[in-house]
Amino acid sequence: MSFVRPSGRTADQMRTVSITRGFTRHAEGSVLVAFGDTRVLCTASVDNKVPGFMRGKGEGWVTAEYGMLPRATHTRNDREASRGKQGGRTLEIQRLIGRSLRACVDRAALGERTITLDCDVLQADGGTRTAAITGAYVALVDAVRWMQKRKDITKNPIIGAVAAVSVGVYRGTPVLDLDYAEDSDCDTDMNVVMNDGGGFIELQGTAEGHAFRRDELDALLLLAGHGCNELFAAQQAALAQA
Amino acid sequence: MSFVRPSGRTADQMRTVSITRGFTRHAEGSVLVAFGDTRVLCTASVDNKVPGFMRGKGEGWVTAEYGMLPRATHTRNDREASRGKQGGRTLEIQRLIGRSLRACVDRAALGERTITLDCDVLQADGGTRTAAITGAYVALVDAVRWMQKRKDITKNPIIGAVAAVSVGVYRGTPVLDLDYAEDSDCDTDMNVVMNDGGGFIELQGTAEGHAFRRDELDALLLLAGHGCNELFAAQQAALAQA
Amino acid sequence: MSFVRPSGRTADQMRTVSITRGFTRHAEGSVLVAFGDTRVLCTASVDNKVPGFMRGKGEGWVTAEYGMLPRATHTRNDREASRGKQGGRTLEIQRLIGRSLRACVDRAALGERTITLDCDVLQADGGTRTAAITGAYVALVDAVRWMQKRKDITKNPIIGAVAAVSVGVYRGTPVLDLDYAEDSDCDTDMNVVMNDGGGFIELQGTAEGHAFRRDELDALLLLAGHGCNELFAAQQAALAQA
Amino acid sequence: MSFVRPSGRTADQMRTVSITRGFTRHAEGSVLVAFGDTRVLCTASVDNKVPGFMRGKGEGWVTAEYGMLPRATHTRNDREASRGKQGGRTLEIQRLIGRSLRACVDRAALGERTITLDCDVLQADGGTRTAAITGAYVALVDAVRWMQKRKDITKNPIIGAVAAVSVGVYRGTPVLDLDYAEDSDCDTDMNVVMNDGGGFIELQGTAEGHAFRRDELDALLLLAGHGCNELFAAQQAALAQA
Amino acid sequence: MSFVRPSGRTADQMRTVSITRGFTRHAEGSVLVAFGDTRVLCTASVDNKVPGFMRGKGEGWVTAEYGMLPRATHTRNDREASRGKQGGRTLEIQRLIGRSLRACVDRAALGERTITLDCDVLQADGGTRTAAITGAYVALVDAVRWMQKRKDITKNPIIGAVAAVSVGVYRGTPVLDLDYAEDSDCDTDMNVVMNDGGGFIELQGTAEGHAFRRDELDALLLLAGHGCNELFAAQQAALAQA
Amino acid sequence: MSFVRPSGRTADQMRTVSITRGFTRHAEGSVLVAFGDTRVLCTASVDNKVPGFMRGKGEGWVTAEYGMLPRATHTRNDREASRGKQGGRTLEIQRLIGRSLRACVDRAALGERTITLDCDVLQADGGTRTAAITGAYVALVDAVRWMQKRKDITKNPIIGAVAAVSVGVYRGTPVLDLDYAEDSDCDTDMNVVMNDGGGFIELQGTAEGHAFRRDELDALLLLAGHGCNELFAAQQAALAQA
């Protein structure tokens, strides 16, 4: 068969995933996650208060911010701090990360605390948002363990695991975990966030140009399920280390 | 059966949809679209140039902006112009509208022109983004007809129709076209953008809280297909009038 | 006589004025006002607190915000929310609307509440600020009636009526209620805000180019008085409906 | 008679006016104008190009910017540069100054040049905008003389003189040239910009609280005419010096 | 000898320094300082509260803001308030002024008060930041005397004097107090802030282009010491006047 | 003797310095520099154009931007992109880095190109700006080698090396290369940028609180010279690797 992915991977093959805990020292959770050449630093910061709209409810909050270093990409992008605002893509991604991680947290068990997940892309090669969600989950668990160790909380607020992967139709074939070469040359692109019970937390599929049919969607969701299972295993392996 | 939607609708029943062309006079296309109490004014403006990144390619561009009047909602929201920036939700929605409408345009046939779709919510009751996409399609067609009448373009750049509807799991039951009462009290919410060939252009499903299973997803997509078919009929009926 | 206004109106003839109450559902007052082709949606929102500089005085506050939909005009204007700031013209108009409406309110009778008048231009054909003031008055009265019905206030804080009209010297002749064609081709333009006791609340006359003489001013003020009287009648007629 | 102005002035008496040319060295025109304790530095800067919307018309442009030093006033105001935007009052005033000065310039004779009038308030005691207009006129003439001396222009673009003064109803009596004590305690306040032919260029009257009657308006306009005549004399005296 | 400074001064000669107290009326301290043609208005404003990060410590705060009128310079600079942000140079200078003045204040003796030093350049000819520091010291002392007179404070919080001067290597020769002609054509430029005990408070030396050697540094510091001594004398003379 | 640095280092001992080239893939130069626990990613990006103010001179430009990840520090700092502006400290540091690196570049040899040095702090423990300058030099050299390899330039534009180190008086003793514990508890802090010819490029000494004497300054400069020599050796060792 003549179908070849630019990376030589098979259609259902993820890039090499690595998850390094304790990448920096100050954060309560600090994880460097790599999906192939995509590398994202995810830190979890615990703050003993909640935003105004959450005050007095006895519940916590989990939020995320996303950034990309100016030269994480092939050509340099303007620094958002210098331009004076975060772009639409950035806001969209950080809202997605926040919603995804909130889906695995029992906010009552967290108490009136905020955990902020900062996901900063050091190097980009496609799939930065899915890597960010996958890594941020591990940083979140580390921050929770830190609180447990200090006996700040008594009940574990983590309910299940969350991971994310992209899938897409590349030159007519559904493939798993798009890299930049595929992402910039594909008809349909979908980011899938799942929990380890097999449920969907977020589905974001886009077909700028050619619409996707129902059978393509089914194939993509199947691939995404396989990918997330690999990611749950990688998360657990990383968290099992001392 | 005890399941009752707040509006009394059946699970697969859309709200009353109305599409009024020529709602204001100056724009090349001007449509007031209503999905029940949700009312959005969609205008299409033609400009004989393209943004910098498109220049010299001989192709056109379609983009969208979204806004909500401060008192379109139950309680007043700050005016974004006064706060000095558009929020993440606004940017996310207007990017979605732009991508959706570009999916039905042959940009080469459009030539080096930009069509801007302004979608301003006069009254909100859930589903503003799906109403906006559905109405913006009609405004876009009117703007194209205006160009054809002036003989600015020779080939019709519109390829198929685009419409959008929301679906969600409300108190355990998949329902079509969520209104505000359902939207603010539902586990899963999905916005589905389709073309009239039955293809998916955008899928945005969110489960903040409880993840959705594959069988729920299937039921939701079925409902969305029904809903979009009704919307395509409403668009055609509106466009058939003088 | 050879003098002809572009619209065919006589010099002292206003455009058709219409005032529609309850145009949208959520606001405490919601009025669509039309001066010919100029259409402005005016909503009044009641908030049970006052800005910092008014706190603790036992008095209320009335303020206004003004906006124009991007395609309310012949050619599309940039969206202020997207540009990141309100322009000088916008700020000037909303300050004028706020001052004008405060002139008919007994702030002690209002109590520590803020009423915000949002005036959003759906379609522009000259005189948007005068239509906004005239319509905002009706929305304000509706919001006051809403508070009275709920027994939030015991004394009616409305003291008299307020309306506004533009006058100008068009091709040498003083005329009433300028439309866009006249406004963009006239030497002197004056916006006059009056109360129903015949007093002046605001006078803003501008002669960019040719200065106006005292006799012209006298003629303009006479026309404005006539116009405002018509507007007071239209306001009362609208408010007399159920 | 018991009527006493806080300053002891008679009702039709202006404060001492002084106009100092060449107050700073770099600007093409640089004038310190004082209306009593109100002191404004007005500079005129010549630039050999025009803004985009004026390009290619063979005409010049005159514009103004207004600022107030943070401690020009009794209590310190935030610095607008630090807050990140100019307030509505500032924008309104600088638009007024710009329009007023454009009224005395033949833009064709100016050629494709921009003259920017910067009016910075060093000390405020009421009437800063009227002092600014009066002083800016002198700075503008000096800038024109500088261009004439360099033979940049052949025809004098200045057509007549422009000056401005405030008038108001203070405790029931119409008075000329309000100082801060009067301004902050008066029913009606009007800024009047005139040319030396007796024509009105701008009228901005405000009655926040009590409306003014036609006879009060007549009295105010009479006072303003007297005041402007004094100011034209002061301008000519200043300009007659070497 | 052939070395000649553009101004004709000797290498160790400062420009004429003048310090005028009470230049404006409202501020608690108001000083116009001139170093030759460089003229800076320095005002000190007392506020009976401190910023958030200082609250509850029983200590005061001293801070500074710096601005330059648009036409203080040879060619007009954009107004920072209009551009919507303060530039890097402005922020850098106002941070320097603030740190320098805090070095001569016993913050406990000041109590929970803030003194804001506004330094606005009316005319620039090099050395605006050093003139600003030197003048701001005198304004600060005047504000302290005002508080002492009102018996707001019992202990004098001023500990020693602070002054600043620039030095640089101009065409190979170390010179004192650079004016604009020297500043824009010199290899090394250093701003030196000292106290009247001979100690260094700030040293900011820059060699964009050619680095400076240790012996040049020694010569520059010697010149700076001489210059600051002259400035301390000028400050004392000004403060000795009624 | 009882003097002990928090880290146990001797007064003239630097932290362990490491310089890793090729840390990320896309940039023309990419260096991770560590001064102990301070870690900064420095990338150099080549762009074949220059900013407006440099156009047409046949010379290149070197500029820098600085950022700190929100959780690089002990407690989380707000993200500057989210706040909508870079703080004064950030602007000051990036201006310093830019000036420092320009001091070792022959801009004519560079041609009309811009090299942007992005210095992003991944982990902070004092001395981030000195580490940034030291690392950015290596990234700059790598970018130049990349251009030489492509034969974009014929003459090497690098003239000498640049490195930077901080020195300070900690509890009365002059020490080299302050870490965070020392930095936050020291009287005098000086950042010294030198070239490998022993010349000073930048000196920035600050004594908020207690001024430093001339003999202390001499001791600090001596330490800085030692430190920079170590850094030049580390830079050369890193650059000698393949």
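Annotations for the structure displayed:
As written, the chain order gives the labels A, B, C, D, E and F, with residue 1 at the start of each chain.
Just so it is clear, a contact is a pair of C-beta atoms (placed from the backbone, for glycine too) under 8 Å apart; a residue touches a chain by one contact, two chains touch by 3 or more.
All figures in this text were calculated on a predicted structure; none of them were measured in a lab.
Chains that touch both subunit C and subunit E: D.
Of all residue numbers used at the contact between subunit A and subunit F, over half are used by both chains, marking a mostly same-residue interface. In this assembly, the chain whose C-alpha centre lies farthest from subunit D is A. By residue number, the contact pairs of D-E overlap by more than half with those of exactly one pair in A-B, E-F or A-F, and this pair is A-F.
Each chain gets a centre from the mean of its Cα atoms; for subunit C and subunit D, those two points are 28 Å apart. Between subunit A and subunit C the centroid-to-centroid distance comes to 51 Å (mean Cα coordinates, whole Å).
We define each chain's centre as the mean of its Cα atoms; on that basis subunit B and subunit E are separated by 59 Å. In subunit C, 84-85 are the positions where the chain touches two or more neighbouring chains simultaneously. Subunit E meets subunit D in the complex at residues 24-27, 30, 37, 39, 41, 43, 45, 47, 65, 67, 69-76, 79-82, 84-86, 90, 116, 118, 120, 122-124.
For subunit E in complex with subunit F, the residues that touch the partner chain are 85, 87-89, 91-92, 94-95, 99, 102-103, 190, 194-195, 197-214, 217, 221.
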